Amino acid sequence: MREILKITIALTVSCLAAGLVIGTTFIFTAKAKQQNEHLNVQQTMFGLLGYGKHRPAPPELRLYSVYRYIVEQDDAMRMGYLVPVRKGSGEGYAFVVLDLKGRFLESHDLALTAEEALSAEDRKKALLPELKASAEIAFADTMIIACMGGERTAYLLPGEFPGFKTFIKAMVALDPQFHILGLEVIEHEEDPGLGGEITQDYFKNQFVGKSFEKLKKLTVIKEPLPDDYKRYLETMGIEEGGLSAREVGQIQKHYQDKDIYALTGATISSAAVTNGVVGMAKKFAYRIRILDRAVDTGQVPVLF
Amino acid sequence: MPATTKTNTQLVVNGLLNENPIFRLALSMCPAVGISTTVANGLLLGVAVLFVQVFSSCTISLIKDHIHPRIRIPTYTLTIATWVTVIDLVLAAFLPVAYKAMGIFVRLIVAFAIITMRLEVFACRNTVVASFWDGIGMGFGFMFGMVALGAVREVLGMGTFLGYDVLGFRPMLFFVLPAAGFFLVGFMMAVFNYVETVYNRRAKRGL
Amino acid sequence: MKKEGMAFRAVFLVIALLLLGGCNQPQFIKEAAFQGTEQILLTFAGPVDEAWAEDRSHFTVNEEPDPDILLTIRTVSLSPDQTRLTIELSEPINPEQPHQVIAKDIQSEGRGLGTQSVTVSKSYFGHLFGILIGALLIQNFVFSKYLGLCVFFGTSQKKSTAVGMGITFTFVIVFASLMSWFLYQFVLKPYRLDYLQIIVFIGLVSLTVQAVDTILRKVNPALFKAFGVYLVLVIANCIVIAVPLILADNEYNMLESLMLALGAGVGFLLALFLMSSVRERLDFANVPVSYRGLPIAFIVAGLFALSFMGFSGMSIF
């Protein structure tokens, strides 16, 4: 009996000690983790817009995040959009509720700043008191609208879709007419050397410049990438790339309306990315038009 | 087993060569095969294992006199799990790119036989200092193995080294595949065996 | 006694029927399934009015996570016996994604049955089976994920030890995974203690091993003598903590976790069996001195890994 007691006490003490160590580490690292993720996302976004170390983003560039929620209230489903609005002389957030057909229903002003809006927790905390007690909200996705001087320059869509192995997290950049500006693969678990090549320029850059009409029917070509196209993709027509302006123009014209050339030995990953991007872009185009109309009807002073 | 009689440097060298965890002791081969696709990966996981090994060894060595013999294994497991969680959280927070590259393997460190073995065989009978150096030896041995494998696989498979293009072309994509990991580890083990046989032969002749 | 037994069984049956028959209201839409790439087939419990069925506006189809994006219906056609309705959409649908079909104001034999919705998805059984085969063959834990190698090489020298290890392992992992799932869903997630995953899972495995050890000792000493020694080795097996981590990451439900654990266990058994068959033969082969023992075993494993790559990309259902 004494033995068992001693053992149990020893085990409990060890567990508590372990828990304490882990807990403290967690507290210290949680903040850093969030910061890191945020910085990463920021970098990706600027990269997609064409800015980077060599071309810093101009101060007039503003990125507005719109968060989409699905609201279930009294057996009816509604769409809720958390949008940045003008509040007096500053900025704030409002929650715009639409019915499933896109008709404006109501708008709630929230006490939320842009920084707080980054955290899902803070968003939920600000939203819940505005809705009826029986309502349930589920976060759907984020869309980021880049504006310069009051005009929209691009849409950035972070999203996730199934890949060959598990999920692929990517960000698509569209211009105001929904033509693709760029694609960035953020996270994936594809095979290195095969499916993992979706992060390479010669795959990602194939999406750049595809028009919205072409995008809707985009598929994958199971043929190897032609050499001249590959050279163009890897340098994207920069003078130092070794291609003359005339050659660049020719290549662009020729391949503009072609489908995506699949990666050798990774047709499934290539198709997964293509379908994922097409799905994201199509759904976004549909939703942003509805949101714009609803915001007009409801006279919500959005910043974008 | 009685406490060790080796000096501290001997302990480290032991971990690197004589009792190299991957190639001689044949422990913790899962990551050796799966993660050693690039030098960078090997280095990072090696550092993580080094951290866990050293800290676990020291912790166990510190409390070795208070461990109840019947809960030896659970105590080891608990210690290792704690330090693995710590390094997992720290890596995720401060080196996210590296962390993602290693995927599930960081959390799997808790099941690496090498660490438990070392605690059972060494740390629970030796002083903290000796355990520390043994941990360093084992950790570095593991890292050495991973980096060696990673180097061969990266150079021959992708033509790069630590991400820098060395060959300018890709010799054989096969080396990046996991099957090649198996082949290479087998081959390296054979090499270590051969070296040992030659060394023994020479030592015998020398006598 | 017998009468009481019968009464019990009757009550049991009624309860079971009630539960199965539907805690929800009986659905008029009996079944819904994908047909080809552009059609959905609805089967009703009774005949529906033609006038109601031929009107496209009575139906909406959307992908489950996007209730605000309604897919365009090209045509609807009713079968001659008026119980099967085929909805044809103007664009191909993605069968991997569950879809929701809503039929408004159903009119059947003159009666209005209100609005009902139904979820269309690929056969759930197929999905479960897919996970099982995935863990068994396509993503075999030893040959495709390189986990559990230490134990793998240690116990694959003889067929008898290999099979023994495989069976013990399958047993432990199914049990431990189910318990891990349970703890994850009801303790770790609600209290946001995700970072304690590693400790909890490995703790569960140790407990399971200890429990199996004790139970086996008492219940079947003969079996214990055969398999007991492998139990300890199970703990040092990477797979045994990888499976709970995977099912936590992917948020599998109980059945899916069971399938994953079963697939992992049987896959490990399969790998062990294959390997031991080869190694027994290798004992009689002329292997160079430096390669004897582990090195040649690794090379054989590499060959197996290459062949298992042939399974990658396979998708049934």
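Order as written gives the chain letters A, B and C; numbering starts at 1 within each chain.
The rule is short, and it goes like this: a contact is a pair of C-beta atoms (placed from the backbone, for glycine too) under 8 Å apart; a residue touches a chain by one contact, two chains touch by 3 or more.
Just so it is clear, the model here is predicted, and its values are computed rather than measured.
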{"item": "Farthest chain relative to subunit A (centres taken as mean CA coordinates)", "value": "B"}
{"item": "Winner on C-beta contact pairs when A-B is weighed against A-C", "value": "A-B"}
{"item": "Whole-Å gap between the CA centroids of subunit A and subunit B", "value": "38"}
{"item": "Separation of subunit A from subunit C, taking each centre as the mean of its C-alpha atoms, in whole Å", "value": "30"}
{"item": "Shared interface positions of subunit A, touching two or more other chains", "value": "18, 22, 26"}
{"item": "For subunit B, residues contacting two or more additional chains", "value": "74, 78, 81-82, 85, 89, 177"}
{"item": "Contacts with 2+ other chains: residues of subunit C", "value": "195-196, 199"}
{"item": "Residue ranges of subunit B touching subunit C (in the complex, touch as defined)", "value": "26-30, 33-34, 73-74, 77-78, 81-82, 84-85, 88-89, 104, 107-108, 110-113, 116, 177-183, 185-187, 189-191, 193-194, 197"}
{"item": "Sites on subunit C touched by subunit A in the complex", "value": "65-70, 94, 96, 195-196, 199, 250, 313"}
{"item": "Touch list for subunit A against partner subunit C, complex", "value": "18-19, 22, 26, 70, 77, 79, 98, 100, 102, 140, 162, 164, 166, 268, 275, 279, 283, 286-287, 290"}
{"item": "In the complex, subunit A residues that touch subunit B", "value": "3, 6-7, 10-11, 14-15, 18, 21-22, 25-26, 29-30, 32-33, 36-37, 40, 187, 189, 191-194, 265"}
{"item": "Residue ranges of subunit C in contact with subunit B within the complex", "value": "144-150, 153, 195-199, 202-203, 206, 235-238, 240-242, 245-246, 288-291, 294-299, 301-303, 305-306, 309"}
